Every structure is written in structure tokens, then in C-alpha cells.
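Dropping a structure here in C-alpha cells format, bear with me for questions.
Chain lettering (A, B and C) follows the sequence in which the chains are written, and residue indices restart at 1 in each chain.
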Amino acid sequence: MIHHSKEHDRKKRKKRMDTFWIILTGSLVATCSALVGCFLVLRKMAMVGDAISHAVLPGIVLAYLVAQTRDSLPMLIGAAIFGVLITILIETLHQQGKMQIDAAIGLSFTWLFALGVILISVYAGRVDLDQDCVLYGEIAYIPIDIWFWNGQDMGPKAVWQLGGLLGVIVLLLVLGYKGLKITTFDEKFAASLGISTIFWHYALMSLVSFTTVLSFESVGAILVVAFLVGPASTAYLLSKRLSEMLFLAVLLGILAALSGYFLATWLNASIAGGMAAAVGLEFVLALIWVSIKKKSLEIAFEEI
Amino acid sequence: MIQQVANPAIELHSLTVAYQQKPVLWNLDYTLPAGKLIGIVGPNGSGKTTMIKSIMGLVPLSSGYVKIFDESLDKVRSRVSYVPQRGSVDWDFPVNVLDVVLMGRAKPRRLFSRYSSQDKEIAMDSLKKVNMEAFVKRQISELSGGQQQRVFLARALAQQADLYLMDEPFAGVDASTESTIMDLLKSMRAEGKTIVVVHHDLQTVNHYFDWLVLLNTRLIASGPTKEVFNSEALTQTYGGKLNILSRVGDLVKEKAHPLREK
Amino acid sequence: MQTFLDFFSFTDPNVRWVVLGIMAMCAGAALVGVFAFLQKKSLVGDAISHAILPGICLSFLITESKATWALLPGAFLTGWFSLIAIDYLTRHTKLKSDSAIALVLSVFYGVGILLLTMIQNMELAQQSGLDKFLFGKAAAMVYEDVLVLIGLSILIAVVIFSLYRPFRLLSFNPEYAQSLGYPIRFLEGLLSGLTVLSVAIGVQAVGVVLMAALLITPAATARYWTNSLSVMLILATFFGAFSGLMGTYISYTYPHMPTGPWVVTVLSVIAILSVLLGRKKGVLASQRQLRRNGRKMLEENLLKCLYHLGEMDNEWQKKRTWAEITQKRLFTKKQLQRAWKALSRKKLLLADREGLLLSKEGEKMGRRITKIHRLWELYLTKHLHLASDHVHEDAEAIEHVITPELEKELEHQLGYPVLDPHEEPIPYNEDDKKDT
């Protein structure tokens, strides 16, 4: 009897630990994406972010094939290459090929994504990746893939990787806050000061690629767009200053990760899907809040 | 009439600019005097914005070159300030008035360090000069058109340059704000600054500017306002495009023909 | 080879139906895609296709059936709703259109995934296979599905065909269409409805993620071959249907290959080839034009040079030595060789070891270029108020593009002048003045 309850306890603790890791991973994905996403939204490049998140797929598959591991370094390299590749492809089609920009984006990412899916089917036996993972990730399995260091259990690998990425993003934001802000607000003016707008553009695009690839395992290639664009858009509606927007976006992202988890367990459905739905819910609530505020302001004005 | 000056603030030499092969500025060749208030006038789509941008090195040139204070732009960048057209930025952007003005204090070399307290003083000072000190913490989306324009001006003032290029600073501005801005520009001129202003209101051209440039794809006149601001020049400026010139422009675009031999 | 024959003989009724269905669906999507492309709304199609997923799941929850007719209403509804949401967000909030599209796309898709996985875990009968909508599963389509596909594609084609003129006006000049009294909002709504419809039926075959390609890519490809809307519609339809055919063929030959991604890949390859080879805006066509320009300039410069040499002693029918020519104008050896060979083929000059001799016709052309050069210099000084020492460079380039009509007009407007800004004579050919 006693023995049984001990076993039960252990299982319960393990389950609670898993929940913790899953929510932490979701929050890290949300935080990284929110920070990068704010700049995508402000630069009117949300769809380019969407394109990059699709285009990293063939990069990831090829990295698997070449390196034969699920290690993140080859994956990062593969994804970064394809992330930059698609921005170049879009630019080339638009500039040299004179294709209108929306069509150039649409053509490029569908093509690269299709190639990725084909690669997965061709090497189905050799690539430890399935289509579901591509579409909505496997955040529930994150706690299984543990990083051992000196024989010690250090927690899930993904948490460490995302934590590292967050460090890089925060570092770049702290150092480059001024540059990112000026080039995002008024690119021509920044260029007139002699600031290299290209540098900041590609710095941001690389961060987007890295974020997508590291979020890939947890939430898949498409739902990361919800994290990139959703909290940032909600924060954009609500904030008056850039620092406020960044802070709010992170907060909203983490909140969405948390509530999305419980929504998904309640419905017995995909956790990543639940998180994306929560992102949408937050946006709708913010929208209602903003329009009520606007209405009441208008009424107040009319009374005057 | 095109009058050239010695020791110019700006010199354009055979400047031709094309968008997607189609020339929108054709062979501009003029010099502008330093220490004057200079107006640029021409109809919509005549290339005024493009000209300012090409002086600031923001569009590729098909031919010719620009010199500022007898140097290439890169050598004198810190002495030049550019005020874009108001519509060129997203006014919903989450920044407040002071943030925008501080951008005038950014330098490529000091991009990774924070703004100093001196920078902040200069920014506040510039805001005072345009009567906007009461709005320091206001988000820019909550400003009227005239106030937005004054924020842009304050940002330019914060650059403490010698040459100012302003693209339609009076667009969407009421009469009293316009005269405040004008007084400011005149006091800047008194300090020896050169101010180039793209302007649309022909009524006020005579009072505002010492020097006038009339533009419509090609240069029509450049000289002291009194000498060039006459009905003949205006007819040329506003009387539509030159038929042959614009047809040659179309041909150049259609055939993707170069505008210079090499 | 055997599979090739098996496939293209269409004896297998399964193959026949699937191929027909996919081709009809691709063609329908390409048709509406052309209008979305022209209105610069291509990416909205991407949002619609993602937004269809939750609709499919809702339909399934209600009807518990996977048949096309059962899933279509829900798909259409959420697809349509996503359009309204994007429109509302861009019009009434500070969100810009790119964020609005990306937000709607990803959130609807997220809700769809939530519902889909929920259904999968509910252990309903029938549920397996619903996830095929993510990537599409052409081979799993049955006869009834195909009938719906074909019927709706025909409907799309009929509507577009019968409202061709208003749709054309709407895409190129909506203000004008409105001033003519066309019901703009109705037409726009109809076009959106057709787009949603074609996307809703298309996701069966290629899945929600790749559906956008079937809308965008055929239209973008067709644009490289034509400027006319009707031809563009025909070409886009053809590209769409052809890719559908090839995609199905490939997955028929290699059964583990997915159909949708191959359709998209075939389409994209055609698109890239068109970007390179296209007759209207293609990269190769532009480069050919550049080379042609270069050749024309080189040849005309040699004629002009020989004409200038003739001006020195008023003797144009005289042989000029190689030394004289290169002294007058800097030609590299290669340039000179290319130019004289081309010109002697056109009988504009005679060449031998010592030098070159203009023919009568060549003399005329040399005179024409010289004339245009000097006329243009005069034009620049007169109308662009340029100093006479700043006009030569411009004229060196422009002299090669002036057409005979422009040449006439230039002469006429300047009043047949005799001297250019450098006081050099402007030469005329015999028949120049007679024409007027």
C-alpha cells in the first residue's frame, strides 16, 4: 500500500515537472518570437517572417541528412542558409525579375516548403522528422530529450537552446536598440545619417531564421508565425513606446503559452495549437478593449 | 534663367535619375548659394523629392554627381540634415516626441552607446525652438499634422547641421504654424545656415525665399527669386511636360537604353 | 515507360478521375488567382487557405462525414470570415496589411490545429484521414469528390467568363469602373467568394499550406509572356492544369511521393523558367535587348566617326585608314572588328586591309546620327537650359534611341536649325526636308 502511493507520488511529480518544462519551453519560444516579431510588425515585414518560417524546412531536412544527427548546430546552419536564401530569392525575383513583391514572396516560400516536404518523403526512412512535426511541433515530447552534462540531468535540451537564443537576442537588442529603432522608424533618415540599413536588415532576418528553427521542434513551422506576429500586433495596438511594446509583447506571449497549455489539455488537443489560439484570443480582447476606449473617448468629446 | 554661384553649398553636375529606367530628373546642372533660404518649386511628380533624395545619396544616379560644400556627401554628412516628407513614416509607431527628436543625435559611430545628457539637452532645446516642449512625452500618433511636422523640424535642428534639406515642411500646416516655422527658418539663415525647402504655395514664394529653383523633370530656372519668379518661367514649369523629352524618356524605358554611353 | 503508358492512356478509371479532378481544380484556382494577382492581393489567398482548416474541422464535428460536400460549407465559411477579418483589421485598426494577413493566417491555422488534434483524440469513427487536409491527399479522392471539384471549377470559369469585362475594369481601374456605375462592392465580393471557393476545393488535393501556390504562381508566371488579360487567363489556366497533370503523374509513378508538393514544384520550375526566358519581362529578353542596344550604339558610332572624318575635307566617299579612324575615336580592336563586319554585311561600308569606305547608304546613316546628335544638343540648350559644354555626353547616348518620327518632330520644333550649340553645322540628308 505504502509502496504503491510512493510510486504514485513519483509519477505525479514527474508529470508536474513535465508540465513545467513544456510551459517553460513555450514561454521561451514566445519570448524570443515576440522580441523579434515586434520589429517584423513595425517594419511591415510580417509576411517575410512567414516566408522565412516556411523556407527553413528544406534547410533543416538537409542538415539532418548531411550531419545525421538531431543536434541543433547543423540545423541552425541549414536553417540560417535557407532563411537568407529566401530573402535573396524574393529580392532577386522582385528586382531582377521585376515580379511584384506579394507574388515573389508567395512563390518563394511555397516552393521551398514543397521541396522540404518532398525531401522528407524521399528520405522518410533516414530522416527522423514527420509531417506532423513540421505542422505543429511536438512540444509534448520536449521533456524527453534531456541534456546530460557530466552524467547529470540538466533538463530538456530545447530549453537550453532557446535560452541561449534568448541571450543572443537580448544582447543584440541591448546593444543595437538605437540602431534597430532608427532604421525601423525612418529608414531613409537613418540612411541619411550614414547608418547602414542593410546591416540591421540582415541582422534581424538572421534572428528570425534562428528563432524559427529553434522553435521548430516545439511548435512547427507555421505556428511560430502566430508567436512572431500575434503578441507583437497586440502590443502594437496597446503601447505608446517601443520598450513598452517589447515588454508587453513578451508578457502577452508568455501568458498565451501558459493559458494555451491549459486550453489544450482541457480539450485534449495539440498544445502548440492551443497556444496559437490563445494568442488570437488575446488579440481579440485587446481589440475590443481599444475600441471601447475609443468609443468612450468619442462620447466624452461629444459631451464637451 | 540659370545662375551659377561661386563657393556653392550644393553643386549638381549633369544629374540624371531614373526609376525602373524611366528618367524622372533629366540632366540637372546647377549650383546653390550658401547661407540662403532656397525654395524648390514644381508640380506634383516633377521630381522634387527625388532630387532631395539624390542629394542625400538615397537613390542611385544614372549619371552625374553631387557635391556639398565642395566635398562628396560622405565627408560632410554630419553637416547635412534631411527632413523627409511627413507621409514617409508610420505615425502609429510606438515612440514619443522626445524619442524622435533624439534620433537627430544618432551617429553611425556611436550607435552602440546611449544618448548622453548633452544629447537630451540639445533635443529639448530644439523642441523649445519649435514650441513643442509641452508635448515631450506625447506619443506621435496623438499629434496633429502641424505638430508632426514640427517634430520633424526639431529632429533636424537637433542635428546642428549647416545645410538643411526639407521636403514640404509646410504640407498640412495651418497659417500660424507656418509663420512660426518661417520665423525659425529665417533665424537659422541669420546664423549662416543654408536651407533648401520644397514648397507648393506660389502665393508665398516671393516673401519666403531668397533663391528659387523651378523644376519639372528638367531644370527650368535657378536664381534669385526676384529674377526668376515670373509668369513665363511658371508657365514653363506648370505647363506640363515637354512632349519630346517625355517621349524620349518613354523610349529609353521601353528599349532599356542607357542614359550614358558607359 | 510502362507506367508512363499506363498513366497517360487513362485506362485506369481511378487515375482518370483523380487527374481530371486535380487539373480542373488547378485551372479554377489559376483563373481566380489572376485577379488576385492583378489586385496585388496574392498573399490574402495564403491566409484564406490556412483559415479553411478550422472550418473543415467544424464541419466534420457537425456532420461526422469526410465527403467534400459535407466539409465545403464550413471551409467556405471560415475562409470567407478570414477575408472579412483581414479587411476589418487593415481598415479600422492601426495594423498594416502584412501583419493583419500574417496574424489571421496563423491564428486561424492554430485554431484549426487545435480542433483537428482534438478530433483525432476523440476516437470518432471516420476521423482518421482528416489530417490529410494539411498536405492534401489527391489519391484518396473518390468519384463524388471529383464530381464536386469539376462542377465547382466549371462554375468558377463560367462566372469569370460571363463577367469578364467588369472584372477586368475592377482589376485595372476600380475608380473608373465605379464611375461607370458598376456595383463595385458586389463584384469585389463575388471575386472574393470565387477565391474562397477555389481554395476550399483545392485544399483536398494540395493541402492548406501549399494551396497559395496554385493561386499565385500561375498568374505570376503568365505575366512574363503577355500583357493582355485574356491571354494571361488562358496561359495561367494552362500552367495550372499542366502542373496538376505532372504532379499526379509523378506521384503515380513513385507512390510514396506526395502529389501537392510536386504540383507546386512543377509550377515553380515553370515560373523560374519564365522569369528567365519570358518574352515580356524575362531576364534573358532584357539581356538580349541590352546586347542589341550595345551593338546598335557601336555600329552607329563607327558610321558617325567615318562621317566626321568626311566632314574634314567634305569628301565622304573616300577611304579612311585604320589609323585615321582610331585617332578620331577610341575603338578597341575587337569593337572595331565587330562593327565593320556587321556594317559591311549590311552593305553600309566596304572594308579592306587599309581601311574603310562608306557606301552611299552608310554616308546617309552617318549623317543622320550626326544630325540627331547636334539637334539633341541644341534641344538641350534651348529647352533644358543647359550650358553648351554640358550637353555632349547626353547626346552621345540619346542619338541612338531617337526614332524617325521623333527625329522629324525635333527638326520641326527647332525649325531646321543649321548650327548646333558648338557652332558646328547640322547636316541634313537630301530627303529630310522634302518629307514635311
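One rule holds in what follows: a contact is a pair of C-beta atoms (placed from the backbone, for glycine too) under 8 Å apart; a residue touches a chain by one contact, two chains touch by 3 or more.
Remember, it's a predicted structure, so these values are computed and weren't measured experimentally.
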Thinking of each chain as a vertex joined to the chains it touches, would you call that graph a line, ring, star, complete, or other? complete
Which one chain sits nearest the middle, judging by mean Cα positions? C
Nearest whole angstrom, what separates the Cα centre of chain A from the Cα centre of chain C? 33
As a quick test, compute the distance in whole Å between the mean CA positions of chain A and chain B. 41
Go ahead and note the Å separation of the Cα centroids belonging to chain B and chain C. 36
Taking each residue of chain B in turn, which ones touch at least two of the other chains? 90, 92
Two or more other chains are touched by the chain A residues 44, 98, 236
Going by the touch rule set out above, which residues of chain C reach two or more other chains? 94, 96
In their complex, what parts of chain B are in touch with chain A? 20, 53, 56-58, 74, 77, 80, 82, 84, 88-90, 92-96, 99-100, 103, 106-108, 111-112, 114-115, 139, 155
So in the complex, the part of chain B that touches chain C is made up of which residues? 1-2, 14, 16, 26-27, 29, 63, 90, 92, 141, 218-221, 242-245, 247-248, 251-252, 255-261
Quick one: which bits of chain C touch chain A in the complex? Just the residue numbers, please. 37, 40-43, 45-46, 50, 93-96, 98-99, 101-103, 105-118, 121-122, 131, 134-135, 209-210, 212-213, 215-217, 219-220, 223, 256-258, 260-262, 264-265, 268, 271, 275, 281, 283
In the complex, chain A residues that touch chain B: 42, 44, 98, 175-176, 178-179, 181-182, 184-186, 188-196, 236, 239-242, 244-245
In the complex, the residues of chain A that touch chain C are 41, 44-47, 49-50, 54, 93, 96-100, 102-107, 110-111, 113-115, 117-118, 121-122, 124, 131-132, 135-136, 222-223, 225-226, 228-230, 232-233, 236-237, 263-264, 267-270, 272-277, 279-280, 283, 287, 290
